[in-house]
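Below are two complexes that have chain A in common, paired first with chain B and then with chain C.
Up next is the complex of A and B:
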């Protein structure tokens, strides 16, 4: 064996081992969560999805209904997406189509800095400065879905905007020029041609964003209110799945039904994430050749 | 210089273009004749694409690009503030080095321009699409696949699609920026034949680094070197007897 083939085989073994261990860890994690969550299904069953009552620590008649939390999670994710996705696209579009190189540099660095802000800081900011404003509008609780969604918007907007901008930037410049050469405005070229060519990247950004919002914990833990009720308006508090796990996992008796139900919450989140990722993959392969 | 009696369609006057500090083209004065093919030739980096892309102001897309002088189209300076780029670019179409089909169907690709300029009726659009594809001698190859994605066509077909797309808005001038450099010889032949047919209706300016191609198809020739216009004249005359030693060096292959 020559030195070169030796080096090659060492390199490839090393890379394979590292790549493989990543997969192994993922599999172990999934198996672990499923194992811990299964007792919830056998002990509580369908009530997990049908009951809105969450009294896990009631020693006489504990209730483990996840419906309120599930709806809370979806409500907050939906509302945040409604804010973030259009805004992110508008920012990306502006950066791609209208901003001068200097503007792009300044805005991009601002975005990068903002995306580095820890979520706990954004949570604290919302809690201390923004949430109290709700009293002025006669809203009965300062911690509610709207405030949580705004916090999540601040948190994920930089991420969404830069993903979408990269998607548009990766489209060959000649395509935009082709549209301009026919007399189209920058807006039409960007909206009808470039965005269409970048559609798989943009949809991928959408899915990654939604995935991130649904899994975000700190902001919702701090400002969503933490009440396990089915929200009836934007100004009602909610208790998303992530916040439930974070706030209760530390105090729960290991091996109890409550413990297992919390893992079941985790499993639900994992399944969402999995489905979103699969959707992203399907969209990308479908749109490879529009 | 060849004296011509007719007013040229596009008149470039003392035109210079700069990329920041760097000179792209300098002090160019040249006229492009109606219903003729003018080839702009020269070694890489001589400014031939810069000149072409300055005519329809495509170089505006490069933020650091600055210009001096005038380019007149129908007597109006295309760099004046009053010009309406949308209307102007409708009259001066462009086809690029690499085919740039839009991510939509073949039909939508052709209809894109006319729709932009206000053609709404389906029957009108159908007619424009068919005529443009026929003019670009592509219709027979794609007539059953108009609803299919244009990205599925071959390179040569895509380039003819781009020519058809440019024709669909009824231009007067067509700028071709090395339109065959990404194509195989047969597809190239196809495009060359097409260009020779189109010149009866349109004025054509083509940038090419393929000297043989320029000699084959062009009526007039512009030779550029390091941003300067070295020589302009009838292709047959220049090829026979170049006036400038720099042109001769290029024609004989000493510079490329």
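Up next is the complex of A and C:
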């Protein structure tokens, strides 16, 4: 065997083996999260989903109800989506349809750079510079759902806007030009023709954005207020699942029920993310065959 | 026609507003913190309950973790990307691998933190350490690098591969001597973006590798460390007014660092656009 064929077989084996690491990691990750979360189900059971009482450190009668956190997560995700999806669409539409090349370059660069800003910096920015302003409006706590959702909007905007813009750009130019030639306005061409043709890409952007918001940790950990109650207004504090994990994991005894319940929170998040990712993939692949 | 004018004006105003908010965030976070820059700030550890001194251990810790993360993630990401583009094109197996990678890309960072905690810190006994944190971040960075490598290689024109084969090169020679060098700028861009994301990650490092205060520098990868993002988190959440200046300074340093990585990445991407 020459050195050259030896090198060839080593390299091929390496590539063919390491390629599996993605699958292996995914399987191990899922197994570990399920394994550590199982004691929560056997020890606490249905109370996890039905109780709103979260007193994990009470030594006589600890309560492990996740309902308030689950609702907190969904509430914040819903509110943020309400802000960021239309905003992202408007910016993507502007860049695609109306902006001059200079405007595209400048605004796109800013948005691209924003995508690199770490979430802890957005969280700290909201906490240090924005939250104190809420006192001026007579809101009783500076850390609340609204502030958290605004922070998450800033964080996910670049993602939403660029995915939506890509979706619109992938539509064949002739569609848009045809509509314009038939006398439609640029808005009608963009809204009724291009957006409709790009609908699968836009839906994909929506789903991936929601997935990113629901799993985001630092912003909600820093500015959502951290109170495990069912929120009644925009100015109430909340404690989403992600924030619960990050704030309490440092203090739990390894192997305790509390520890396991935190892994169960992780399992809920994992299931959400798998469902959303798979839905997005199905939408994209289905559309490819059409 | 009139309606078009109104809508375009409204959309323009909204987009400009968003743009100015972004610029305001950059300017505030960078400039406000820069007031505290000094030699001591960069080269001394925190003193007197974070009220004086600097953030040297946090900067060093972040660089350690970044370096080790890339050291692990680059080879694995490269090989996976090569496989997807050059070996498994249109095969069922590649489809499965791609689905796995896409699913990994969507997993929330705090779940990676839990996983790293359970596997590296507890099951493998690495405890809270640089190696636990880096392994966790490497797994998070893997999808970013592998999908970019795949895209970069797949977009290389056929005739380049075929000329190399015609000259007698075998498959791995074509990959490592022709395709990788050809796509090196795009791969570098992906590495910079993956690195920029890894250095700013907080939640996974919080669970696997970080402590809020270290009196001594880590002596091996099995020691825990301070990092810039966790330092920002701890100070803003748990310290009084007297320490807030240090959080602002750290925000500024981290921001400049990440923006620098991203700017280089986008500059390279633009330059490639012009080459073609």
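Everything that follows uses one rule, which is that the second predicted complex is superposed on the first by the 267 of 290 C-alpha atoms of A that agree within 3 Å, B and C clash if a C-alpha of one lies under 4 Å from a C-alpha of the other, contacts with A are read in each partner's own complex, and residues count from 1 in each chain.
In this text, a residue touches a chain if its C-beta (ideal position, glycine included) is under 8 Å from a C-beta of that chain, and two chains touch if they have at least 3 such contacts.
Everything numeric in this text was worked out from a predicted model, so none of it was measured.
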- Pick one for A:178: touches chain B only (first), chain C only (second), both, or neither. first
- Message: Tell me the contact category for A:135 with respect to chain B and chain C: first, second, both or neither.
- Response: neither
- Pick one for A:121: touches chain B only (first), chain C only (second), both, or neither. second
- Message: Taking the superposition on A as described, I'd like to know which of chain B and chain C A:49 touches: first, second, both or neither.
- Response: neither
- For A:100, is the partner it touches chain B (first), chain C (second), both, or none of the two (neither)? first
- What's your read, chain B or chain C touching more residues of chain A? C
- Message: Just to be sure I read the superposition right, which of the two partners does A:250 touch: chain B = first, chain C = second, or both, or neither?
- Response: second
- Note on the structure: Residues on chain A touched by both chain B and chain C 185
- Quick one: in the complex, what on chain C touches chain A? 1, 3-4, 7-8, 11-12, 14-15, 18-19, 21-23, 25-26, 28-29, 75-76, 79-80, 82-84, 86-88, 96-97, 99-115, 117-119, 122-123, 139, 142-143, 146, 170-173, 175-176, 193, 196-197, 199-203, 206-207, 229-230, 232-233, 236-237, 244, 247-248, 251, 254-255, 258-259, 261-263, 266
- Note on the structure: Contacts from chain A onto chain B in the complex sit at residues 100-101, 172-185, 188, 192-193, 196-197, 199, 289-290
- Within their complex, chain A touches chain C through residues 4, 7-8, 11-12, 14-16, 18-23, 25-26, 28-29, 32-33, 35-36, 87, 90-91, 93-95, 97-99, 103, 106-107, 109-125, 127-129, 154, 157, 185-187, 208, 211, 214-218, 221-222, 242, 245-246, 249-250, 254, 262-263, 266, 269-270, 273-274, 276-278, 281
- Task: Show which residues of chain B lie in contact with chain A when the two form their complex.
- Result: 56, 58, 61, 63, 85-90, 93-94, 96-98, 100, 102-104, 112-113, 116-117, 149, 151-152, 162, 165-166, 169
